[in-house]
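The first chain written gets the first letter, and so on, giving A, B, C and D; residue counts start at 1 in each chain.
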């Protein structure tokens, strides 16, 4: 694991995009082996400007505009990691990571295992994911379930500005490959955070809001929606807790089970398609581990099982406050 | 949907490989738009001989040896389907379908939807899957969860010789794209079946064995293991039912719920990695729909969350009779 | 001296015992596959004098309309009527020539930047733009005009064009497929796999790479070290052609020749058209971050509309009637776009569940029921 | 007459106003990138007389050992000691030359067929074969001999080699990477993307395509319509070289030159070696289904070992001592293989959970506990 130190001190206010940019910058300053590569990450600073200024500060070798070929990018990163570098790859949009899935599944995820630990690949694959930004088709997929099902990968997704910084630093420092999923629609949300607060390793869920009635279990882009729902639920007399998983792999079962056991009711919320989604694993696992504490089945509120819709219809697809509250209402309160 | 007629009559005995071969042959005889393409499907008849003799009977245009490029194969099939053909693509092994995932996710699964029904793609993608045949790395992956999570795809997997024939005919006849997963280790198992028995559309689960204690819910390569486990369970005093799903999408919820509700105890069995596997969806869904009928949580017996192991270790990874019975024992019989 | 110094020693040739002739190379002569060292130009050269006046006039009308189309669509983004628009301003010669080089029963496989080619092929401008307006993925029936959906995942349309062309040939039809893509798209694996399939299958397909010098911010020099992109053709065993992409007559000539070769059993061709994207990548892009104003200005001089105008003028064909007619048609197109985009589309939320499968699954019916109930509840709240 | 007939009209050149020089093509001269029309052959030609006797003898010893290695491994499959073996019989010249062309600090990126190259590079034969024996995915430490794991997903190792070479160059090391693949592998997107990256990054990497005429059952003519596979180099802007892959001296010379060019900043090279796989694809394959015995026989005549023997004899170098020494080394290698593969490996089932992550997750610890309990229960049943 590479060193994680921030030269930045004190509370600051900024967007998630800025926090990610600073995380990259600090990681590159702290560790010369950290290299960024991807499409348009150089002069343009990435289409979301997450790599803004990195080429200017570190030169085009450390922040490299590659040819337009995602398997080539990730495959090249594999070779770089074999030579001792710590590549951070940017995929431009979630659906454009698909050409790299063979490299990801057959090499990145497996290399440590297939070489009995001799060739670990400390690669971070940054993928802007999810919808809600009015993106045309192929620009709003949420593909976390593919990654979470693949042994050997860590799957991390921040939902706050502070976590964007902390989890990205921790992911880059990890000696394992990390798929780092950045919720596109949270890029421009501002918040205060302290880069020097210290970076925890990935794998810890955090209770964003305590509650006494039931818990909403969520991650990434759905966290703000869940917090809003919890606020709205007060009017209905429910006091909802909200758990932010922060990483799907490692899955913080201990923390999740503790909350679910204590409340007995849970709703899992995410925006990707429900069938075979990450919520299925979460619900199945929590049910198995907390069965006799459950007053109702663990319910899921997710995107529908349809291809991501065109921008003008996406709000019907994405789980919103009402859909979450409808599910909470079905948690068999009558008994 | 294209016509499904068999010229073959009467009970016959053969292997699953032979039944699949006959299904292709009958489909090609019945419908001139059915074209087979893939690596080594011609003179060689495929590495598993599933396409044996097709080029001899139908010529190299109908059964085409392609260059070695899976995205190219599937992408070419997309174009062929746009012109009115009904392509059946062979991927040589499961892990070698990964290069085609972008074509599968971004086009095959979505084309009907993104053209408002104007360009349906009746493509069948045949993928030999799963382990247990002593295959070296990348030859034993079970990737059904990736496909099942992708809206727009049907995901079908036979577990018997008769189903191999019937489900493949139905899949080729379907106007939707079907990922047809062939359990490699069942290729050489013999059984009697009648090709003229008629072909049901995909989407119906079938109870392979009735039982009174609990149900094993499974599909594809794990069916024989479950039947064996049910047999062995008799000695322990359990009378286990075994449900064969036959397709993950469509998921026959009605049939599955009926069994689970009547028995109150269920174990889902599959060989792919458990985390985020198809079993998670099945367990979560059955729990949600049958909660008050459950005497115990729906348990899962699956492969471990590790890259598929080398041949000499695979039997430790694959769910076997003992592991299934251990799970059955945990179904809280004491109450 | 190493053994390599004997490489061209004629005494060494053919003296190896047992060398099998079947294994010798090349199997085909590479020379005719290689592109000319300079891109073909017609306008402004003596060759333009041989051009059919009717074709010149038709190209002119369509280029003027195409330029206007690009302007109007860009304006619509500023008015919030289009979510995003990747303009083909500066590339109109390629767009129009691509549409004109095809017969109605041929197929066009456009990328996201090629709405102008799609409109030039006969698709209604409103329908061509639903993707970018945000109300539907594909607003037109691809079969009606034999125009595939606008393709966003780069180069993935390339094997589609190959498969369709192959199927057409198997059916005995003399249909040709033309796939459009950008310089950046040539780096993708699907480009490679598609071209290789095309050559091996000898499919009647033409690939037009509009090399506009950039893939978003990445200049060609960071995209490829090849002499030209057209040189890639040699590695597949098909002819590579290089053309001035702002010279409508040259692009039209090269494409017409390639389409004709494909139609008559001559196999695929890779065409590289050298052009330039005058606008940013899309309205959401800031091109000043990665290119100089002088470069843009230099390309404005080599403008496809102007080059054509000059040629028409030189031939004495740029009369008032033509200019007025072209301008009027262009304005009509723009007016229709303004009118059609004036109102917001009426969308049915339940369409989310249409066309996922031929028959919705039980779980989709359930989900549709859920959305219907939500909408009903909402309507009640809003007193409708 | 169409406008295209003016294509080579010198009067048309350079007359286009506003054509930007930066946009003209070609950017580099394609001529030096093109492979020679005939593959380089040295053995049996006058050039062989210039070859270093020590090199000839070394190649001979290694080719004889390589042939014996292939035979022994094939025998081991028949005895059930290896699960599967893709023999490189007939391709030993490529395998040995690849290993010899590299320095110890260079990196080799082999495919599943290249265990001989891996062994020639210094990896223990037992360790090189664990993948094919079935006890471990990679039996050797890739860092120890700078030899990447045997790669099965076709062409996926190509970008790995590029990335490693690029990283080495950034580090200021003069390390070179050599990637091996087959003719079939050149059709995959990863081949294309890797070669393009290599050329754009000017990475010190060499690609050796062992064109053995088949990808399992698919002959080269169904794989590619290119003049030669080496011609693909032009499309990336790197030199393409064509060599008789059964001529150990020629392969060695071409690779040595390419490695040297890469090492000294000259960028990547694509080498196509024409060879033949004498055995079936693997022991599980039935080659009679797709090729004729006469073809195999013809290639047996053009045998890499025999060609080298003939050359040594011609130079008076094939003395009894050399022959005996080579045979003895080969037998020693085979004997070691027999001895090492005589016993079944002792495997720890718990190793399933090792090295999935640097630190096992909680759920992996749980699963490991489950397996441990199962094993303990089993051991009890079996009275151990």
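Assume contacts are C-beta pairs under 8 Å (C-beta built on N, C-alpha and C of every residue); 3 or more make two chains touch, one makes a residue touch a chain.
None of the values given here were measured: they were computed from a predicted structure.
Set against the Cα centre of chain B, the chain with the most distant centre is C. For the pair chain A and chain D, the distance between mean C-alpha positions equals 39 Å. Averaged C-alpha coordinates put the centre of chain A at 31 Å from the centre of chain B. Each of residues 66-67, 69, 71-72, 95, 98-99, 102, 106, 110, 113-114, 137-138, 151-152, 249, 251, 275, 304-307 in chain B touches at least two other chains.
Contact of a single residue of chain D with at least two other chains is seen at positions 136-137, 153, 187-190, 192-193, 196, 200, 222-224, 351, 356, 361, 363.
The touch graph of these protein chains is complete, with an edge between every pair of chains. Contact residues on chain D toward chain B in their complex (touch as defined above): 83-84, 130-137, 152-154, 184-185, 187-190, 215-218, 222-224, 284-286, 289-290, 345, 347, 349, 351-353, 356, 361, 363-364, 367, 371, 374, 377-378. On chain A, the positions that touch chain B within their shared complex are 71, 95, 98-99, 101-102, 105-106, 109-110, 113-114, 137-138, 141, 145-146, 148-152, 248-249, 251, 273, 275-281, 283-285, 287-288, 291, 296-300, 304-307.
Contact residues on chain A toward chain D in their complex (touch as defined above): 1, 61, 66-67, 69, 71-72, 74-85, 87, 99, 102-103, 106-107, 110-120, 151-152, 154, 174-176, 203, 249-251, 253-254.
Residues 107, 136-138, 141-143, 148-149, 153, 156, 158-168, 170-171, 177, 189-190, 192-194, 196-197, 200, 351, 354-358, 361-363 of chain C touch chain B in their complex.
Within the complex, the chain B residues that touch chain D are 39-40, 42-45, 47, 65-72, 95-96, 98-99, 134, 136-139, 275, 304-307, 309-313, 316-317, 322-323, 326.
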